[in-house]
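Let me begin by handing over the structure; questions about it come next.
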Amino acid sequence: MDNNYPLHDIDYGTPKSVSEKTVTLEIDGFEVTVPQGTSLMRAAVVAGTQIPKLCATDSLEPFGSCRLCLVEIEGRKGFPASCTTPAEAGMVVRTQTPHLAELRRGVMELYISDHPLDCLTCAANGDCELQDMAGVVGLRDVRYGYQGLNHLKDQADTSNPYFTYDPSKCIVCNRCVRACEETQGTFALTISGRGFESRVSASESQPFMDSECVSCGACVNVCPTATLMEKTVIEAGQPDHSVLTTCAYCGVGCGFKADMKGSEVVRMTPWKDGKANEGHACIKGRFAWGYATHKDRILKPMIRKHITDPWQEVSWETAINHAASEFRRIQAESGVDSIGGITSSRCTNEESYLVQKLVRAAFRNNNVDTCARVCHSPTGYGLGQTYGTSAGTQTFKSVEKPTSS
Amino acid sequence: MSVKIYVPRDSAALAVGADEVAQAIEQQATARGIAIDLVRNSSRGLLWLEPLVEVAVGGQRLAYGPVTPEAVESLFEAGFLTGKTHPLAVGPIEAHPYLKNQERLTFVRAGITDPLSLEDYQAHEGFAGLRAALALSPADIVQQILDSGLRGRGGAGFPAGIKWKTVLQTNADQKYVVVNADEGDSGTFADRMVMEGDPFMLIEGMIIAGIAVGATRGYVYIRSEYPDAIFVMEEAVRRATTGGFLGKNILGSGKAFHIVIRKAAGSYVCGEETALLESLEGKRGIVRAKPPLPAIVGLFGKPTVINNVLTLAAAPYILSHGPKVYADFGMGRSRGTLPFQLAGNIRHGGLVEKAFGVTARQLIEDFGGGTESGRPLRAVQIGGPLGAYLPDSLLDTPMDYEALAAKGGVLGHGGLVVFDDTVDMAEQARYAMEFCAIESCGKCTPCRIGSTRGEEVIQHIQAKPAEAGAHAKLLRDLCSTMVNGSLCAMGSMTPYPVLSALDHFPEDFNLTAETHKAA
Amino acid sequence: MNSMTAREAQAVEAALSRFQDEQGALLPLLHAVQDTLGYIPKQATPTIASAFNLSRAEVHGVITYYHHFRQTEPAQHKLALCQAEACQARGCRSLTEKAEAALGCNLGEHTKDNRWELEPVYCLGLCASGPAMELDGKLYARVTPERLESLIRKKELS
Amino acid sequence: MNAEHLIKMANDIGAFFEAMPNREQATKDVATHIRKFWEPRMQKSLMVYLSTHGDAGLKDIVRDALREFHPA
Amino acid sequence: MFASRLKRRLRAGARLIVVDPRSIDLVSSPHIKADYHLQLRPGTNVAVINALAHVIVTEGLLAQDFVDQRCDVEAFNVWREFVARPNNSPEALEVMTGVPAAKIREAARLYATGGNGAIYYGLGVTEHAQGSTMVIGIANLAMATGNIGREGVGVNPLRGQNNVQGSCDMGSFPHEYPGYRHVSDDATRTLFEKDWGLSLRKEPGLRIPNMFEAAMDGSFKGLYCQGEDIVQSDPDTQHVIAALETMECIVVQDLFLNETAKYAHVFLPGSSFLEKDGTFTNAERRISRVRKVMAPKAGLGDWEVTVALSNALGYPMHYNDPSEIMEEVARLTPTFAGVNYDKLDRLGSVQWPCNDEMPEGTPLMHIDHFVRGKGRFLITQYVPTDEKITPKFPLLLTTGRILSQYNVGAQTRRTDNVRFHEEDRLDIHPQDAEERGIHEDDWVGISSRAGDTVLRARVTERMQPGVVYTTFHFPESGANVITTDNSDWATNCPEYKVTAVQVVKVKHSSEWQENYRKFNETQLRLLKEKVVAGAVATVNGH
């Protein structure tokens, strides 16, 4: 299909800085200029280098917990985390040195010492950042063994109909907790306990369905492992291609990637560059798309004489000709104005346009209305009368504009 | 005229029966029909002598200690009220070499005054620093702190004046002064002694900082293990407010400052400044990534001076005596004095305030009198649970941030914990990892998982001598990951005691010279 | 969901009325509840969360983070023995063994009849006079095994 | 069409415009609104009803506005 | 979704005024606390907006410069005189609205002086007898305070359905061509007549409620209904059904046999959004592409069905692809002149107007001047709704939706979302519940002058005393059996938000529900017993 869109977007690690001022620095010998406030991690991506990372993702504020993204900066002691260190003019940064390699391997060795070794049968196989990073840092051995204290026996929570939470695979990167706070604003997740016992907890360490979770999927979206995972992907496996589209539920019009396996949807992922939603979504668009293949779908045209009659399944041609002849008959008997049409706010612009054209040009009257009648027709009237346009005045993003005028 | 008798109420005295002693003294006095004026002072820091009872006789304070309730009757019998001798007699306390040989700038009033008496405080130079500060511009106050060379006493040793300056120069509608009184290091108790023994000094230091940087609210974050300090500080804030030293109009200056005492809830990491701020905000006390610095984005997102108790407690002296007097003490970049705390297996445990530069050996032998057990000293842990264990051979190192660091040591909060030769250093190393595992906030991976693995690896070394070499290597690699990779000192310094034990006492780790070298 | 007992509700209400409007005062509130009841009832989490404009998750996260806070009723007597280095240097390890033997429960546990709980504590600030401990809120230093046994006996009789 | 409904709808329109200070303009606005939004059948039904039953139920402004509409 | 963005801004320090009869989550939820919750009585919106305007005018909080430069000053003066009248003061309206005057005053001051002020609203504004008046009142308020024409301000309806904006833009209203041009406008009509090759009518057509009226009258007998379930979603269900039952040919095009299809004579299978190419226009006028990820399951796309019907009716339509439909829209609609699929593919999306002047679209409207030229104030006399409480119907019912369900629920009820919202419930304040002996989970009968139904009760302090609430996601709930035929004076938008009702504890479902159950069983049986393809179709006309 020519509609294909990359399955995985580039992850810049930290959000874009909006500063108009720029700084120029050197990363691994390459000069790069970025807006002031840009993290070293993001600047590195701009310069063409992906610094290893697990807790950072560009939809969330930097957190600095995984310690894989450490770098060396000339003239500075230690190994600052590139996600939380802003780029400064004149900095000379190295993202790959033997010492950094050793450090990253050391951290990965710790991660894997408390992680199941079931990559091949894991639902995230092929789409797991932990797996990727183990490869990137060249982890070859876990000298701690696997007999130490661990969470491998933690039980998965499958209470949510759309995704599972498997704490045995959790690396406590806090991405889910932060997404629930920063992206969704529900604060349904936290970490319970501390130290080695730190565990992602829905509300009061409850099953997700009993918690404050509203199933928006933001946590699932940012999870770098198989800890929070769509059940559809667990069942069907990883998608093989992706098509950009727009959610058909509410008036926000979220951009989505339909992640496909052949002609089957396996996941709807909110599109990062969708301007209405910027990578976020709600339970409906994210998960409630199964109706499209529901057994209740009627796939053959049907006709009947009276509503007390059984339906007759017929060909498209028969059905359409029947409808047309009925309409013509009614118009002949009761006048041109005795029929009409209703367009749907659920259908596309093109479809709505055609239905109103059908009414005006083929029915030869203006008896066309839309279900917007029963919701927003006063908006159209009121704003039309006062401002001259029957529509909202701003972009959604406008709400994020600071208060001062 | 009634006789003035002093019985400390510092918790180190209370824990060994000071209240019972005070009660016994009152009973005896009543029974004998003697009028006494019993003052509950604080401790002077000669803790092996607590409860240390003092009697004011002829312009001197004569001390007896350690006094038990049972010994009180004999003290009366012996005529201690007129300074007569007794087996527990210590003599004129101020002449005691332990005290006489100190350089007390911060602990100048400790044990002398009634900690909660505003009159007593002011009679002993109290609030002189504040009055001096009120006559200065904020920038001038900050300059005096800079000139004094005062460095943060919490362990990191960052110049206090630079912090203050940053806060002063950051514009905000609200700024804060936060006192880090989460003194969780084993072997340290100087903060506690300041708060219990001279709380107005800390309050005065906070007000000075507030005026200097433009903050009107202050918080004191005190660990929940210090109930007495919390009680005394709360009472002191109440009294200082009533006395016009706190509130909307400090001493009629038109400047405002309010103090809230907050109790911690059992988290060592909350002694790290950003975790402390999280905790004050009512959150999980996990460490924030820096930048931004608390001086710019601190408590509730506002510019915040966050200093240790001893740091702020030094401010009144600097302001009242001038920065030069203070800076004249010390050595190198470590200016002024540090209240050292002698703890663990030591004969004369207590608080010794000395200028930087004194050696550990001087502290332990000259002041501390060697081990309490009388057995040979084997190791001293300096700077709390994240501090290195030093063997006897390194005890002549001067106590100065840089000089100690050069020897792999950490001055930290100035606590020295002495161990005799019965100590098992592998067990001490294991404990360091265990403590980290118990207290890790869980945010960063090297600390969260590394501490648990560290404990396991050391257990392995202890249990399987044959594999000690390979595991010692793994332990060193882990320590390197923790040192270089951790987000805060909890993870990055836990390896200090571990590695120092491994380096100086390999025999305790089942290592031979050969396997030790290989690891 | 179970609701709080009248006593619990009253304690939570009283604490809320003191701290609800103070910025960031979740810890003081939790302390106040625990100081009154000896623990923070699990059922109080939703009430506290809504009063503080927090989620239940956040309150839960805070309560479980701090070792001082507990959600179960404490034993009748609490003995906390310092386990930190300064007390180690002065024999806290053997003192702990004594306590475990005397009470019949391990460190970090409580007795079967819930009359005693034996907790570790990491530094009471009595490092020059260890081993130190806290028994039902009162501090003791230079504790000898004999002294510990006599204190336990005294509590048992009371 | 149900005349009662139509009268109510017309009066509701009248109620909005009658608050305007310029009565002449307001009356015109009522008429314009009906013309622009009511399908001819509705306009006609109302006019027929009024011509047979009288306009007692109408607001004054609506009555004035409807003068422009000629009964079918 | 939008709430997440809004809350982010609130957490960053923005202040919030909530006007809602219910204590919704936005009033108080983690890290969100409204500065003012104006908890008005349902149906008094216009009174509240007038009171807010009164405070702004009489306390000198107007953005006079903005008004002078940007608005029709004469109309403004009329408005100012109107809202300044004592009968529009918060104090005068306090008893009626139930909102303390002082709160209104403080909220008005905050909106007028708190820096950028933006208004976001949903159906609580529009679905009233005075829905249009309220929208005008909101528009007035934004102009009076200069909160229009730059980032961070504005008037923003939040649309319930994916393409509410688009279907209106596309000329779905009986009085308007695409681009909101009246059918009586000769120039526009001529344009379409030329393009479509025939003459067009200049009188407005029937609106949905008018269609029902005309059906009852016998003058409306055939309907082509694409993707809407009027039986479940329109008010006064029994009236709607009665109207449909009189009709001779109802053609329903949908994914499922929805409630309306149960009254239909022809069922044409529809396609889901996954099966179609096209565009949706969201609440911010953003036109985004919908892309086909699978072939239409029924063989034909929705647009192809409409084309086929038109062809069968003798008006031939020729399109090879939906992009050609958009080309026609662009050709005939000035605000869409610059829209085409290539551009949408390139930019991701564009916001109309998109034309030569604004080739990449218009994120922000009314920057230097209003689209109509000068902004026009209109006075907004408060007219109480006819739905008033009486001894027989002493409570006010207001209806709405819940996050996990979508409108009539035809889709979401067929997903696991039902586990988040298994049934429609009646929310009732503890005081009202106690008076009636109602406890949580009890079955309660709700009756209005339109009809009655039975739901289970949820006793909650989110409600104010005297007001009850339910959702309408499940057909068997019959929420719209209760709602009346009252509607907005200007547009006939139904007054879903105010219905006088009584609520009593009951043991059985309502008569309507019993009838519905039987009817539904019959219809499902008729579907099951359908004569399958291959059999001879012998449906003849009348």
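The chains carry the letters A, B, C, D and E, assigned in the order they are written, with residues numbered from 1 in each.
Throughout what follows, a contact is a pair of C-beta atoms (placed from the backbone, for glycine too) under 8 Å apart; a residue touches a chain by one contact, two chains touch by 3 or more.
All of these numbers come straight from a predicted model, not from anything done at the bench.
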Minimum number of chain-to-chain contact steps, chain A to chain B: 1
Most centrally placed chain, judged by C-alpha centres: A
Leader among chain pairs (count of C-beta contacts): A-E
Furthest chain, CA centroid comparison against chain E: B
Centre-of-Cα separation between chain D and chain A, whole angstrom: 52
Chain A-chain C separation of Cα centroids, rounded to whole Å: 44
Centroid spacing, where centroids are CA-atom means, of chain C and chain D in whole angstrom: 78
Distance from chain E to chain C - Cα centre to Cα centre, in angstrom: 56
Where chain B touches two or more other chains, by residue: 267, 284, 286, 438-439, 441
Shared-contact residues (touching 2 or more other chains) in chain A: 186-187, 190-191, 193-194, 212, 337, 366-367
Shared-contact residues (touching 2 or more other chains) in chain D: 39, 41
Complex interface listing, chain A residues touching chain B: 62-67, 70, 78-79, 81, 83-86, 99, 102-103, 106-107, 109-111, 113-114, 143-144, 148-149, 171-172, 174, 190-191, 193-198
In the complex with chain B, residue positions of chain C that touch it: 23-28, 30-31, 52, 58, 61-62, 65-69, 84-90, 121-130, 132, 134, 137, 139-142
Residue numbers on chain A that touch chain C, as the complex places them: 186-194, 201-205, 211-212
Chain B to chain C touching residues, read off their complex: 11-12, 14-16, 47-48, 50, 183-189, 192, 224-228, 262-268, 279-286, 300, 341-346, 349-350, 372, 381, 385, 415, 417-420, 423, 428, 431, 435, 438-439, 441
Interfacial residue positions of chain B with respect to chain A in the complex: 267, 284, 286, 289-291, 437-453, 456-457, 474, 477-478, 480-481, 484-487
